[in-house]
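Here's the structure, in structure tokens; my notes come after.
Chains: A, B, C and D, in written order; residue numbering restarts at 1 for each.
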């Protein structure tokens, strides 16, 4: 008996087949998380909702971040880890970690948020993790399954019903598939 | 290995344990469905989303029915059957099938809607199916699993993320559990 | 010195020049108003906000009526009379006064609502007042000034800022212009 | 005959009596306005809508600034001058002019925005204009009449209907009262 979601349903919910490990994250700083940088590895066994945003991106402020907060409120932390990634690729001087920290405080973002590492090549505006995941922009909503595979790659405003269904579909998969 | 959803997650999503068959429906008329009355039995194998409403109930018009329409748009008909049930328990003369038909047309409700049968006892304002399901009022959102068991009993405004997750959790259960 | 609003501002707010008396209303029944039928004549001296709607028109339920309720809450009754007019021009059997009464109760419509009189010619679906005002459909928002002149003729979803400004502009005109 | 608005209406709309000149502004920089700093004096003859905000204040981002943009879209520039004032009183390092410029660009704020001058006393977090107007916080919406008098002092989320009516009431007052 198969533990993979029904292919037609998976396609409808935008779920990718398992088999492609999500790339690691490169961050320079974390908010809402103390100690060593938070890694995907440390979240193995949980479904990870990675919300890539920029604090001055209106679509992130009006849609993406409130949705990420609703996801964190809907699921138990033991099941679903909501993680923010500040992927600044424009207006770099305007969206520094100092500004981000105040932004997170004012918007009561309680989940951990990492600052994506600037490109090693100083001339590249795209930060490292953003390039590694080939994000098209912000907001992007990425779903990573319990085994660490990248399973959904969303860009722009997303529908709560479909996102809720996609997360639950991944939660229903056995870890040891 | 268990195919039942994780108990903590199920509880969080408001899912009941399987084992209680959903009662049959008693209807006097259907809109958006031709032929013999639609029965739960005929939908066996699909997750059924039963939306009980009254056409003049503001919570139904503003929240419940738009959500039911979004559910029908999100999932494939082969997976999820969205069914409306017009459970009139007040203002009976104001919410006749003639009025309901115009209401469904104007609001572009495309899923089948049954008219709950009035109580056999003429003095009882509560229609038969509504009483059988012990609904507290409208809107009510009921989820019935692929085997016909009643798994969720919602009343009032419901959150899209949780509803989407609950439906997907039921979809992930094997039919032959 | 002129007491008419600045012509450019009036145009921007959709205000017509004074000089065209609003036609009288023909109604068969009133809700939220006891005694003789409410007439425009009786409201002389106040700005009248006439909201023409149908109880099964989604644009009325989602936009028009909530806006009319906000108008009634924003202005004093001594200044602004908000009046509903049920102008049924389709689905006549579905939107009877019996259904309307329950609708008004459930939606907590507190301002007076008149039922537009059916056409004398039984074959005409358009009721009398609706035809007299040449309404294009529902919802329609009509503003009538303190002297009884028709000053604004809106159809469809209207912006609160512009409607509030138009009403206040009429309120600022002297009665004895 | 009086050109002042009806006192009961004025009170209802939150309008203050004329007679108190709005204090001058002290700014260190302007966006969306070239040349010498924009002054209240230069806007004499127009109704001025002064929107005091902080770029990281959620109430400003979700309610205040969108409303200010709607006001600017509803009225003609010749009648109503919408002006933003960035009154940073917390998280000063996070809301610098560099960050503000990107914020205004991303949110397509087209009206002029001045940066309130920091207190002369370096230890005071409240900027000069904010203190002079005794603002309680952000967002604040101030209405100044054609003669330069401060007529409305709003704080927090404001209703479009009442704000539109208040502006139109001021527009209806003669300049040479």
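Note that in this section a contact is a pair of C-beta atoms (placed from the backbone, for glycine too) under 8 Å apart; a residue touches a chain by one contact, two chains touch by 3 or more.
In this text the structure is predicted, and so the values were computed from the model without any measurement.
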| item | value |
| --- | --- |
| Chain at maximum distance from chain B, centres defined as averaged CA atoms | D |
| Gap in Å, rounded to a whole number, between the CA centres of chain D and chain C | 34 |
| Centre-to-centre distance between chain C and chain A (centres being mean Cα positions), rounded to whole Å | 50 |
| Overlap residues in chain B, where contacts from two or more other chains coincide | none |
| Chain contact topology (line, ring, star, complete or other) | ring |
| Pairs of chains in contact (touch as defined earlier), listed by label | A-B, A-D, B-C, C-D |
| In the complex with chain D, residue positions of chain C that touch it | 1, 5-6, 8-9, 12-13, 70-71, 74-76, 78-79, 159-169, 171-174 |
| Residue ranges of chain A touching chain D (in the complex, touch as defined) | 56-58, 61-62, 90-91, 93-96, 98-99, 101-103, 105-107 |
